[in-house]
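Across the two complexes that follow, chain A remains constant while its partner is chain B and subsequently chain C.
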Partner chain A sequence: MDLFDPYYLQQLAIGLSLGMTYALMAIGFTLIFGVLNVVNFAHGEIYTLGAFAGLVLITAAAPPIAAVVFAALAIGAFAGFSLERLAFKPFRRFTDEASLKSRAMRESTLLSSLAVSIVVREALEIVFGSQMRSVPFEYLINTPVRVGPVILVTGDFIILGVAAAMLIGLQYLLTRTRIGLSIRAVSNNPLGAKYVGIDTDRTIIMTFVVGSMMGAAAGILVGLYYGAIFPAMGFVPGIKAFVAMVMGGLSSIPGAVICALILGISESMATTFVSSGWSDMVAYGFLILTLIFFPNGLFGAGRERV
Partner chain B sequence: MTHLLEIENASRRFGGVLAVNDVTAHVDEGELVGLIGPNGAGKTTLFNLISGFTPLSAGTVRFAGTPINGLRTNRVARLGISRTFQNLRVFPNMSVFDNVSVGAVGTLPQGPLDALFGAAKRADAISERTWAALEAVGLTHVADELAANLPYGRRKYLEIARALAMQPRFLILDEPAAGLNDTETRELAAFIKRLHGQGLTIMLVEHDMNLVMSICQRVLVLATGRKIADGPPEVIRQDPAVLEAYLGVDA
Partner chain C sequence: MTLRLAALTATAVVGLSVSAHAADVKIGYQLPLTGDTAQYGQDFRKAAEIALDEFKAADKPFKVEIVFEDSRSDAKEGVNIARKFVDDKAIVGVLGDFTSGVSMAAAQVYKEAGLAQLSQTASHPDYTKISKYQFRNIATQAQEGPYNAKWMASKGFKNVAVIAEQTDWGQSVVAGYTEAVKAGGGQVAFSEFFNRGLKDYRSLISKIERAKPDAIYTGFFYEDGAQFLKQLQQLGVKTPVYSTSAAYSPKLLELSGDAADGLHLTSNFLPTNPDPAVQKFVAEWKKRSNGAEPGQFPAQAYDAVRIMLAAVEKAQPNPTRESVRDALAQTKDFPGITGKTTFDADREANKELTKVEVKGGQFAPVKE
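Showing the complex of A and B:
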């Protein structure tokens, strides 16, 4: 069995594109969850909202694709802001030292964000129905492109480009800008940051807005890539992004991206040997292996949380 | 004459406990004032009242004439009150340089778009302040080190550097000598005097009586939430109320 058989190259390419879609989701997820150190399980619904915002605009006005992405970004920013106010802000009422250190206070957002995610998903089902909506043909980003022996689609390149731009942009934001410095300071020690004049509230909102814009952009891009948009679409990528984040060490954005790619490739390779229904097992298997053998994640130990 | 910091009849109640009870005190521009008191005297609560962290139950606190009652901590910091902590609050996973520049960033004036684009525009102002503060505490050679990797004593200076990068008008040091040995405490005393010599107004809360008595011009004494003495070190040393509070004897 020759590993350089075009079949394996094609599987590798499919895996890479699958991994890129996970990475797209994992970047914003890791920013909020890992860097800001709060549990946010509503990121998957932000992704779904981004996709539906795009779809609604496409059905209503049939604008150029850039406008569709822009609408998704705007909805993402708004959704991130509302999510923070609704599910996170109420748990920051108590600013004394004991509550700031309390795990219970921090982890309560696990439930509040989960609640928001359930409400949003159900609301979308009421409004749009739970079945898949297909994206009009002319908006799909899956025109085949032949690269040597493998066939890719335009969406692969777009998603790769967007993920790279997000990664680089975020690295720039976190290390070279004031808001980035503030985000890192708040993630390190919220009280210390307050005392040196950082508006922690505003910093947290900004992080949610930026992270959610990325989540919404991911949603619409993946929607146009697969051509299907439905209320539960954020669930599986959300889990995969979560696994990638844990594997990457919880707080490392580049680590999460690399692990998202590893996940994608492993899943697509696994379908060669087992039926595709089992491919989700790969992600969970990786999660368990990581937690047992690398409790700090593959890229987590001793690094700054960026 | 107006004082830099004016505390008027300040009280703070936690349930049934009056942690700070009707305290009136002031600090003038350029002073180096010590704040002492037995455990539970209300020193930290008074600090928290000054920094806006804890709201007052009664009374007022004015800084440079502006009432700071009800202002949020980060607003108070921007007015020019800066502090260090007894149990350090450095940013462990950031470099020494970044730790200090957060101080500069937090207090530089900023417009709505500065958060995203201001860094490049003001990089000079930020790094200038940062280097100056690192220079002042002698940490320039470890600027790229992670804060978590510094030894404890150095981290204290890092926190002071971060406070200095805010270019404060009033610096509060919360038990800076805690956990330091005698040599380190002497170095710290010399350092605080040097800062004071450069015109900075400083309030020092400390358990180390020698440190306070040797460098402060004036000492405030709190006991069970009340101010029981206020005067130069040599007077405080003899004050019967202070002796009683510390030793529990009838003087």
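Showing the complex of A and C:
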């Protein structure tokens, strides 16, 4: 068995591109978790909303692709803001110390965000129907590109570029700007941040806006990549992003990206040895192994949050 | 107390005798209206409404109502709905569910209660074996598998890869086809299952190609089919692909574009069929769906509803669950838009299959 068999190279390339689509989703997801320490279950629906916003614009005006991505970003920002207002803000109503420290108070948002996600998904189903909707072919980013013995598509490079830009941009935002500084302060110690005069509400809203813009951009890109947009499309990527986040140590964004890539490669490689029907087991298997052997995640221990 | 009871009984008896001529009845329809497979259930409901509206327009001496219940393609939910339908004494027959898995789970309840169940799509061979109350209006994989195996053998494909979704139905696709190929002395090079809703088939495609098959036989629905075909094209794979009638949907062409060209599959419904009954349904369907053409599944649902309505009509003036079942079992040469339907002793509708090839973005019937 030659490891440099083009077959394995092709599987590796497929795995990397699969991993990039997971990473795209995992970045925003992890950012929001890092600040609030709770899972935002509606992130998958933000992704779907981004995809639908792009599709609606494509059908209505046939604009250039950059405009489509900007529309998705705008909808993402608006959706993030509304989501925070609807599902998260009401649980920060009480500002006494006991409530701020209460886990129960924070974890209630697990359910409120889940509720928002169900409402959004069903609403999209009512408006658009649950059929997969096709994207006009000229917008698809899946023209094959041959690189040596391996076949990739244009979307692989676009997604790689966007994910890298997101990661670098986010690192810049978090480490070099004032808003980034306050995001890191709130994620480290919300109460302390409040006491030193940081507007925690505003910071949390900003985190949601930025995280959701990334989620929405991921949605439209993956939608154009696979050429199918439908209300339930956010569910599976949401799970994969969640696994990548846990593996990466819950609040490390670069960790989540690396683990998303590991996940993608493992899934495509696993298809070689086991039936494709079992490839989802890889993600769940990794989740269990991480929880047992690396409770802090692969990249979580001893790092600063976010 | 006794008096009141007697009075009640008397009213009930009078009530019964009034309804003795041409009783109003209800038909239950369990189908996924929300969730991952809602698009199919929504289509079935639309088809059922067309059939019911036509029935009402025909001015029959009795009224029929269809009660739709959303099973979300969840077996537990399907069983709950079945119990609900069984408890409603006005319901004399049931249509649905969509998937074989849910239909078979609900079938256990209908079997106990003695209520006829007619599914428009459950094609798992074991479904009708559950009891004398299970009927279907679709070709089974035990019928399609050998048909396609023969078709592919006639093209000279000896070494075939088989893939199907990981469901009861998908397993029957692989089993039906593999048995037929082995009986004919051929061989299956490769068989594998994938999870429904998988987005990226490229790993699987690379694996199939490594087995170097002459052709690929597939058990998928249009969503998975479209992704598979598109990615096959992306990877530059030219191996011919054959599929079952389950993939026959205009949405397949819409989603996959020219990647679907050259796909071979079977069908029992063609919207281009000049038969006036077909054209009437297609016209009505387009009116209700912004001009979109119906696929094979809605056509099967439309026929299933009409077959059920005909059975209810036959069982008049006083239809019971048992008499509706018997009337259903006697269905012979029912002229539907998916061909003539006759239920055999095993309550199977032996549908006539047509060979179809995708050419220039259209389903075109082919002889060979």
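We adopt the following convention: the second predicted complex is superposed on the first by the 304 of 306 C-alpha atoms of A that agree within 3 Å, B and C clash if a C-alpha of one lies under 4 Å from a C-alpha of the other, contacts with A are read in each partner's own complex, and residues count from 1 in each chain.
Basically, a contact is a pair of C-beta atoms (placed from the backbone, for glycine too) under 8 Å apart; a residue touches a chain by one contact, two chains touch by 3 or more.
Note that the structure is a prediction, hence the values are computed from the model and not measured.
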Regarding the shared-chain residue A:206, is it in contact with chain B (first), chain C (second), both, or neither? first
Which of the two partners, first being chain B and second being chain C, lies in contact with A:197: first, second, both, or neither? first
Under the stated touch criterion, which partner chain does A:236 make contact with: chain B (first), chain C (second), both, or neither? second
Applying the touch criterion given at the start, work out whether A:178 contacts chain B, chain C, both or neither, answering first, second, both or neither. first
So in the superposed three-chain picture, is A:89 touching just chain B, just chain C, both, or none of them (first/second/both/neither)? neither
Could you say whether A:271 touches chain B, chain C, both of them, or neither, answering first, second, both or neither? second
If we count contacts the way the header does, which residues on chain C are in touch with chain A in the complex? 34-36, 38-39, 42, 163, 166, 192-195, 197-200, 202-204, 206-207, 210, 223, 226-227, 230, 234-236, 251, 254-255, 257
Complex interface listing, chain A residues touching chain C: 7, 10-11, 14-15, 18, 122, 125, 129-132, 134, 137, 142, 144, 151, 153, 226-228, 230, 232, 236, 267-268, 271-272, 275-277, 279-280
Contact residues on chain A for chain B in the complex? 95, 173, 176-182, 184-185, 188-189, 191-200, 206, 303-305
Any idea which chain B residues touch chain A in the complex? 51, 53, 72-74, 77-78, 82-83, 85, 89-94, 98, 101-103, 105-107, 110, 114-120, 146, 162-163, 166
